[in-house]
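In what comes next, subunit A is part of two complexes: it sits with subunit B in the first one and with subunit C in the second one.
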Partner chain A sequence: MLKVTQTKNALLDGATIAEDLYRTPNDFEEFFQNLEKPDEVVAKPRTTFLRAGVLTTVRGSAYMEYGNTKVMAIVAPPHEVVRASARRMNMGSLNCYVNYAAFATGELETVPRREKQLSSMLTKALEPVVCRNEFLNFQLDVRVLIIEDDGCLLSTAINCCGVALVECGISTYDLITASTACIYRDHVFINPNAMVEELLWKHRAGHALPSSSDDTKPIQEHGLLIIASMDTFDQLAQCQQCGYLSPATYTRLLDYTLTINKGMRQLIRQVLLQRVKEQHDLDLREKAQNALEDQRLADIIERLKSQGLSELINPSNIKEDPYTSK
Partner chain B sequence: MTDLDASHDSQETDSDELFCLPGERLCRVEDNIILGLGTYEQNGYIYACKSGIVSIDDSDENTQIVSVHKPGFHLTIPVTGDIVTARVLVTTPKFAKCAIFCVRNQLLENSYRGLLRKEDVRETEKDRVDIYKSFKPGDVILARVLNQLEQSILLSTAETELGVVIAYASDVRKNRVPMIPVGWAEMQCPQTTIKEPRKVAKVLPESTIKIEK
Partner chain C sequence: MAFVALSEAEKTFILHGVEENYRCDGRSRKDYRPMELETGLVSNASGSARLRLANTDILVGVKTEIDVPDPLTPEFGKLEFFVDCSANATPEFEGRGGSDLAQELILALQNAYESPLSFDYRTLCLIPGQQCWKLYIDILILECGGNLHDAVSLAAKAALYNTKLPRVTASLLDAGITDLIISDNPYDCTRLEIGTVPILVTVCKIGDYCLVDPSAEEEVCSTVSMVVAISMKNKEAYLSGSHMTGGGSMHRDTMLNSLNLGLSIGEHLNTHLIKMLKQEEERVGPKRPKTVGFLK
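So, the complex of A and B:
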């Protein structure tokens, strides 16, 4: 049996990386046989952990666990464009940077390329959702750190970034949710894990399909679909697709992803609402404290007015400045 | 979908505040309703574009402003017309470069680049302005945002209330002595009584103009 996950562990132990795991067509068969195949399609998000505002040093941050996939997103307030771009835009620009944590992946050679690809796809997905007219001539940087990759990487990153954007207070037209579905040998995988994605990736050109030698049989459908949607206006923000899909299958997969997105949206709404309430309570508490302080000062002023300035010398009235005490 | 969400939302909130999230439909666009902060208009409806608390304020007798206020951190970007507080970094014969660190009465997390051109220093006798007689690096100035350029924000101090508010005497000693304004174009060091030229701001009480604490 092939063990994909072993490469990751072997790398940590200092062992060499296996060059190519799938050499012979038989390997594919075996690998596929050992895969856990779902009996029925359940269009539901994986078990998810999502939290907004995980970092105190950055204003907008979010951490998300989607099954085993772990992703962190950071949004900093917009700043001036660094390079003077020749074209004058009437919109703020959006830049996404995706980075793998050093321990997140085994295949280090392809990391820069994959990071670049993910960044550009993430930028495309987030551009329609951000109100870019609000920060003219500014640029917004979104940074994503991938801590663990177990499939659905892009969709998790999009979900996480959406939360981080709202947390930072960047105006967005809607909440954005994304999900992944794929089909391989008539098996529909919802939220495919790393193994299934790897299998599809090896088949991306369609050359190693077992049925391709048989001319009478049509080519088997295999493909991956990533959909990011904004449900208020029923818009698709990003539609990423690879492989070979017939229109009917395409619609089927699309429907699955949209259903997952709806489920995801409920979760994101819950998290964000809770966060807003949390912050609202904090604000109220701060306001109450300030009011108390103001009241204390007003009392002192009142007393000074009635008793004269001798009160001023009383050391109990002099409160230490919190900034100097630091 | 959205209407469902909204009803679901109002059930959840036990207090009288109405919380909303981006993309939530707030109300229909009508003549007597004005879009406030954190909202946008689409297809005849007003939607929220920020997470926060919906507030409906009366602007006058029969118009209302719908706005969304986000608790906690609020993002501020200087826009045209804002009064900003900036620190002068570099002066050249043509312009002064500044770092904007406060917009209206909100302190920023990171400073924005500001550019104050020679023509925008004061209202009268624009041709006889010398930057070096108006600002020195290290001064804290109040200015109004004119425009947003590609790389920096264009500022102006062409009002009596705008200009240098805090300046330190330029002597070699380490301890920086804040100077006292004497007249609209001069500031004096209280220790050495040396006068230095500055474009001094006539700082008004906080009720008329918001300045930093």
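So, the complex of A and C:
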């Protein structure tokens, strides 16, 4: 008889496969109680892997892992706008397309809506950083592929696109960096993971509503803030906020994200610098190889000049042309 | 939204006007243009409003439908926004030309209304976990004269104020199935509470100064603008969503200043809007004798 052994549904590295964590408001309360909450605010980026120039098929590409969030950005050189009506008078246009990989997320129904939303927000965030006056009547397409979503998706995409733009050689005003912070039930989450973000969207802070008898209870703020900044001149390229925040809390979250952005900027600079060095090394090596090849050819030519063609022409191969002999 | 062609000289003129705190139409930087607002003029909708802000013309209709609430939020009803950019507004909207703009407006509104603190979704609940109202807020842009975000949100708020949900009584049948009985009397209805419903204020940066309610010409001159959603709760202004638009960047302090400017303007705008809506209702009464306006 076939014996069924219950195996734990686990991946090789010990992580369990995500399931529907909660179905009812009560499950959800329990889930929140068990959730790991940060004790103090540490305004630092997550552990990050970033690499520019990962694809050979396009000019500019970058791959980034921000914690578990994995994103790839692709930038092709600008191409001419075909539709005359879509042309703008004094600026080139920028279009961003965000796509989820089929395995990036468990929830498939909302994907098209989220893709659209992310594309529009990403376009808004990148518009200030690209020198769009340099390619009139041209449009620049930026494509982002989301490989895994574990929160901070938009900010990771912005960081990654910033690097890809530089890699492609598009002129930008500055390096762009972005980060996310959110507040939920008086806990500040820096770089919230997918679970925390989902709590904010799905449950929609129903708990924060005062019951009708108790209007004096202070309002429980909740909300998410995404800031993209260009730090050379302390400029903000985008600040996207949702939820319900008082101006004071907004400023507090803003300052956290700006601190993270500074850290992120260091990292991006380092990566780009390394990339340029790598490229330089590659160029040098190529040059050395070319020089070697040139040298070899020069030697041959030299030899031919001094010895005549005799070396190359073997007399046994030459037959008398039957026609000329007649 | 830049459909107006301006020469450099015209732009400079507007810029200097803003610097002098005296804009082309005589306003200061913190003034709105005159508004016309009427409610309840579409007889087929549960609630409607038409707002004319100088040259910007918006018509909003609210339709109602019964739906099943989300299992995680059993006490909440639903809202859905739809923006239609009519080709009458500008020739650019022909075909699918207005879809980007419409998408942007829908996102801004959804974002602002998302929090249950800004719109009490429990008022749309019929039977928790089983039935709720779903409101479709259809926004039609008839003419574009700048400052669409503000106009659209004000009109949406007015339409929600005007919305009358028929009174529903539920009777419990066997096996937990409920039966809804909708009142026959068209005047027997419930209204929505709009005290905390957010409004959007666009703060536009031209030169070194921030101003509100930009006209279409001023929008062309601006480098960046900030859209702030303001919701009033316990007589305090809260942010229920904000983003930057227009393709420029701002310094942190400028951003915070424009945020505060938006908040204070929004607070005024909100109190005036509610006051005017109440006045209109008193004047017209519950039964509107005849429709005035362009939809005769």
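One rule holds for everything that comes next: the second predicted complex is superposed on the first by the 245 of 326 C-alpha atoms of A that agree within 3 Å, B and C clash if a C-alpha of one lies under 4 Å from a C-alpha of the other, contacts with A are read in each partner's own complex, and residues count from 1 in each chain.
Note that a contact is a pair of C-beta atoms (placed from the backbone, for glycine too) under 8 Å apart; a residue touches a chain by one contact, two chains touch by 3 or more.
Small disclaimer: the values here were computed from a predicted structure and weren't measured.
Of the two partner chains, subunit C is the only one touched by A:Leu258; subunit B is not.
In the superposition on chain A, A:Ala237 makes contact with subunit C only, while subunit B stays out of contact range.
For subunit A, the partner that touches more of its residues is C, with subunit B and subunit C as the two candidates. In the superposition on chain A, A:Asp283 makes contact with subunit B only, not with subunit C.
Contacts of A:Pro128 after superposition: subunit C is touched, whereas subunit B is not reached. Once chain A of one complex is fitted onto chain A of the other, the partner contacts of A:Pro247 are limited to subunit C, with no touch recorded for subunit B.
When the two complexes are overlaid on their common chain A, residue A:Ser120 makes contact with subunit C while staying clear of subunit B.
Applying the stated contact rule after C-alpha superposition, one finds that A:Phe32 touches neither subunit B nor subunit C.
Touching of subunit A by both subunit B and subunit C, each in its own complex, is seen for residues 85, 88, 230, 233. Put simply, subunit A touches subunit B in their complex at residues 59, 76-81, 84-85, 88, 131, 134-138, 166-175, 230-233, 269, 272-273, 275-277, 279-280, 282-283.
Those residues of subunit A whose C-beta lies close enough to touch subunit C in the complex are 22-25, 28, 85, 88-89, 91, 116-117, 120-121, 124, 127-129, 132, 202-206, 208-209, 215, 219, 221-223, 230, 233-247, 250-251, 254, 258. For subunit C in complex with subunit A, the touching residues are 2, 5, 71-76, 92, 97, 100, 103-104, 107, 111, 114-118, 120-122, 224, 226, 231, 233-234, 236-245, 247-252, 255-256, 259-260, 263.
On the subunit B side of its complex with subunit A, the touching residues are 1-2, 5, 9, 12, 17, 19, 21-25, 38, 40, 42, 47, 49-53, 70-75, 77, 109-110, 112-113, 148-152.
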